[in-house]
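Input: structures, listed below.
Both complexes shown next keep chain A, but they swap its partner, so chain B is in the first and chain C is in the second.
And then the complex of A and B:
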């Protein structure tokens, strides 16, 4: 002990005993400390990554050219307009090196091919993270001053959505999420403002409940409120997790507030005697192509059919027979804006169809529901609940006003700062995790939260999260020149009597004309230039399919001769393309030599039979429509113009533009015009 | 000492240029040494002669000198930091990041500034306690004690205004809370708050004001008060040495030493 103290004191004296010596020692210490700063710089993370990159490319075949393109030091993309300073490429050296495709180890992986140049947009615009940083932890995870941690790869499409408001082919998840945002009624309670100032508009069609008592019973409403998906697994109405008494009170209020409509309750002979042939109903259902819009769960449990209208698996449990008849006679008298066409059913057909649909029921559904007559207090409580839960945000209800700003604004949800979020215990602290958890389990975030439980798959939640993550601060401050606007529906409305007829038949539910309407069926904007009068008239009378591989088809609407003529005249007169001159290619017969030349071009030079069928015996193509009767369907001017440039007539058409010469196009048009589908016509007669 | 070297130094000190700057003339006599101190604008703040026991480590722990040392470090690193810093709202934080990630030794520079600032606050307090517990604030040094208190406040204000400049969340909220204290002053509280921030919220104006205060107004005030502080030490009879402290040997007591560390 003594000796230790002695030695320490002797060392001390040796170092600091003499002021000059002390000064020298301190100076040396200071020098050593000052050397730390440049040393740290030299041994920084990015230096070691660049050294690793150099050793990676050393042994490769194209080492020389890779080495030449390699630039040492900090690599930076600076885009003042976007507020971007990205130094990611300092470590991610091989981003643009195509020859490094086989390297999978980060940070040297090649960037997948995208339509943008990396040095025009940088990295953080899509990936988030802190571009200015040159250490992995800071660049990828930092969140201390409102920086956004890097986005998991499955949400990367949200980056595209900041500029692109339109649907891109490369972003299926984002597109699907956006469709869901509109279709699942999210935007009926929440506001989602887009950068161009417009708001996301709901595309679902929640029914009005003003006359709901005409349509269904209180017991069914109760069962539906308790669990909509128990009635129909495809129902988009969310589950509000109501208690029995709350559901009972709301159902009582809805029934009591419903006003009767004369047509629905008009006494009709409600006798559904089973038709002689039990298949008659199914046949009519099939012929009317109800399945194009409505789905039914088959015995195997699969949902078969479209999703435009509600699922009909248990419709017999829901709809009252009188209402069903009135609806089938004319849906528009109950709901003037319904997407369902007004089928011109005969009274007999209505009876058959109503009987067929009323038989679609589940005898076990709702059997244990026994509701006592409601007291005025219960009805009042039901009304209060209806207002509190925001039912009127979607449905029209007598006596309850549509709420304004019912739920939080989502316009900038994709930039919500992590510091402002209250996470659940044990939850990963990230924005995508928070958003998807909120969608999946909204009520888990606290008692008294009103957001209902949606039934969504993990993939759907992920898509929806993608769409929400695209609603960022940056998307609102992006320079205008970078924005790509969404394709919005116009408010096109055909005029006159034909216009009224088209509204009644709900043509726009499936067809698109002049920028308005659905995408299930072909765009009819230039239909008048395209088809021949006789064919159109026949088609409206008895629609047959042009593409055998499609399941959804045009329904038979049972139009009168007068209505058909009205529609045909209107379409042929109005829906004309300015680019097509019918007089240039008159409906004349060509010489057999020209026709034969066209046939050869069709089969050999352009190999059209790869996708089309002209002769059903030999041709196997099924991608494009069958052309066996194209000569009696399309006009020669249209065929000619189409052969010259399909995309000019219908943007996005998948038929390749083969740069057909004028002569070849004329010859093939002549050949195709000879395909009149004669055999079929003969067979019909 | 080798004769030749001595000759060079002496020749230099005898040169015209040297003499035009240092007028006291050469020589090792007490008079010459006294004149060298008195005629220098920086040195004349100090006494021409100090008792050796006053500058022993035990007396002051050199706390005042160390504080001055950190102040010098802060001025030098601060000027270098100003070369990289824009006091504007989106740019300030980005400049921090540039210093951290791309400026050569930028992080070292910033850390040196920050740790020196912390050390200075600590040393100022330690200095004050040492002075207080030694009773060195008593007559005739009470005025210098008051100047010391002013310097303490300036140091704290420098620390506080510097806190906003990185413009991160910590800075923003610290200044928001801190400046809200000023609005609790009766009657004119809100006016002071508005004056301090150049608005009702911490924003671009507040950043600019704090920058000017931090880099110009407060350092200048500090330099002036430091000068007065040092000058007062001389005027008040040098550093205070407690009477109860054991006396040095009689020989030392009588011998006078210059301020130079021998």
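And then the complex of A and C:
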């Protein structure tokens, strides 16, 4: 200790012994301190990247112009409205240089072409990371409080979703994720508030269980609860991983709480007479186009059919025969809001169809289920479980209230701080990984968690994660003017008796009218301007195939003459386009010469036969509707307007706008109006 | 003084070490058999997005001399930087197949992947190509699906019946590099915007200039270039790769 003190004092004397020497030493120290800042800048990471960029562009053909556009020093984008300070371009110098397309080494890679200007939006709004940072590690990987690492590329669409609440063409994964958020029942337990103040509304249609004992048996409910996907691989109901006794108790409670539906089965004769020919049922199933909405797993294991209604592969295991008959007779008597049309089958057709569907069963399904009669304690336990698991969040159940705020709020899940998340051991510390793991294996995050196991593919999980990552703080706090609003369904209701008929026939399940309805079938908003009365009436009586290549088709709904007239009158009177004036089109005087000129134009100048068929002998176009009888289907005013600009009548129509002149459009309209259809046989191919 | 600083140092080292995430080690796989050939079953030549998982898994099969499937052989998958396999190494199942799901890297373009198995005498390699589309090319692929595929793609699916066979003059499939690579971007723009007659080709190709915007046409061309087989080489000056 003594020697240390001695040596310190000797050094002190050597440096500051006399005033001149002290002055010199202090000056040198000052100089060294002053040099720290420039030295730090010179040896900084970004400086070396800029030097590397300069040497990269030195030997290129367009070095001079690249050099001219290069700006040394820190490059910054400041977006005060979004709270963004973005210095990424300091190192990422070549982002907007088109001639650097062949450079793949980061940080000099060219940014792919996107609709936004990089210097107006910066990088971190979409990519996340720390915009203000000037070192690679801090900018890309920081996990400190309030900071977030760079988003992996497969979740980049979530960045778009912060401002764009509408469905963009360029963001298929985000769009799909948003559809899933509504369709898979997520928002029945979780609340997801959108930036515009609205809440994501569920679009699935979980059945009410108030009369479930009418429909199925306790044994089926038990098997279903144990593993919904074993009954139907496309089922969206998640697996709650229930124990045998819990599933048994819940099934006992659901059956005991079910009340018989008044007048449900009384009117229907229960006795069955199976049709002599089994093909009759298959034919009726095909003719009714059940497959447009319902899927069936075929022998090869492929799912064939639509996903609007439930899969029917094993429906015979589920539905009681008397319920099936009542349902086919009129689905609305069991479920007043079902998407299924009221088909108006004859009693004989109901018998055939019910027999056909009841035969769709898997004799192995549920064979090892043997349930003893439940005790009141077991039923009470089933009721308790039903409330705890939140079954009533989706299904209506007698005696169990719909739970409120049942699961964590997801409105800002995309900004959840990493510090608030309990990661599993060995798991990558990132928000996307947390969200996707939570979706894939919710119960792995701790014992007693209630979230059930969904059956989703990796791609579906990734899409859903995209949609959830878009729900950020920034999306809620940004100024309204920067947001692009979502297009929402209107609550359009057709009026009067026709309106009631359309609800009964579930037209809106497939067709869209005035901004409401499905997208499976054509938009009917201007149908009244488009078609002729006789054709519409015939079509409703016997829908034939307009587009030969479509597999989803309009079913025959067995309407009475009065109902058809009601619908036809209503559609022709109400669904009119203001842009089409039936009376003002000067199409009445069509000389054979004009018609022939129209034919020439149709076949040679505009080559319409690539997509349409006028003469079934020579034309083969399979894309657009068959035009053999277009003269008795469409109005001349509609054809003329369509030829002039298809997208003006149906936005998104794929027929290209060929800038047809007035004269040409008139001649082709005249030609098409002569196509009255030789007979009915061409209509159905 | 000294002891305290040592203590400090030890503490900070342990703190840093504690912060490191323990990485999960895949359970060691042991091959129980070996084949002599590796063939692709499915999942090659897929078109996906950059940084996202391919739709279908990549499946390769290990065979022996007689061409019979070998179960329990080890197959390893490798790819360029950024390509991710789940799992990266696996044993073949009872039908001799090894399945992995592939996530491509963040650069658009063709990815050369390789599957490797240790054969009886030597290592057997299989090259597989997958294509990753960037944003603009993905936009193009959506447009192609909507407007072009019905005629230009001769494959029919249940959802989409192809019109290819019905056309007198056959359209070029977008992957047909031999023909389309020879056409300049300007030619393709003219064809799409003004129809076949713009380049004295079939009038069955209608003009889309008033239906698609200029940027949509560019996106379509970017897609055509991305899927071209053989690969498209842009004209003009070619720089040394970096």
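Throughout what follows, the second predicted complex is superposed on the first by the 620 of 685 C-alpha atoms of A that agree within 3 Å, B and C clash if a C-alpha of one lies under 4 Å from a C-alpha of the other, contacts with A are read in each partner's own complex, and residues count from 1 in each chain.
Basically, a contact is a pair of C-beta atoms (placed from the backbone, for glycine too) under 8 Å apart; a residue touches a chain by one contact, two chains touch by 3 or more.
All values reported here derive from a predicted model rather than from experimental measurement.
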Could you say whether A:150 touches chain B, chain C, both of them, or neither, answering first, second, both or neither?
neither
Just chain B (first), just chain C (second), both, or neither: which does A:478 touch?
neither
Using the touch definition from the top, say if A:419 reaches chain B (first), chain C (second), both or neither.
first
Mind working out whether A:41 is in touch with chain B, chain C, both or neither, as first, second, both or neither?
first
More chain A residues touched by chain B or by chain C?
C
Is A:429 in contact with chain B, with chain C, with both, or with neither (first, second, both, neither)?
second
If you stack the two complexes on chain A, which partner ends up touching A:74: first (chain B), second (chain C), both, or neither?
first
Looking at A:132, would you say it contacts chain B, chain C, both, or neither? Reply first, second, both or neither.
first
Counting contacts the way the document defines them, which residues of chain A are shared by the two interfaces, the one with chain B and the one with chain C?
none
Of all residues in chain A, those that touch chain C in their complex
56, 60-61, 101-105, 108-109, 112-115, 152-154, 156, 169-170, 172-173, 304, 425-426, 428-429, 458-459, 462, 548-549, 551, 604-607, 609-611, 620-623, 647, 654, 656-659
Which chain B residues qualify as touching chain A in the complex?
90, 93-94, 97-98, 100-102, 104-105, 107-108, 168-170, 261-262
Listed in rising order, the residues of chain C that touch chain A in the complex are 21-24, 49-53, 55, 86, 101, 103, 106-108, 134-136, 138-139, 142, 146-147, 150-151, 158-161, 163, 166-167, 195, 202-208, 210-211, 215, 218, 222, 234, 237-239, 241-242
Contacts from chain A onto chain B in the complex sit at residues 19, 36-38, 40-41, 74, 76, 83, 85, 87, 130, 132-135, 138, 144-146, 419
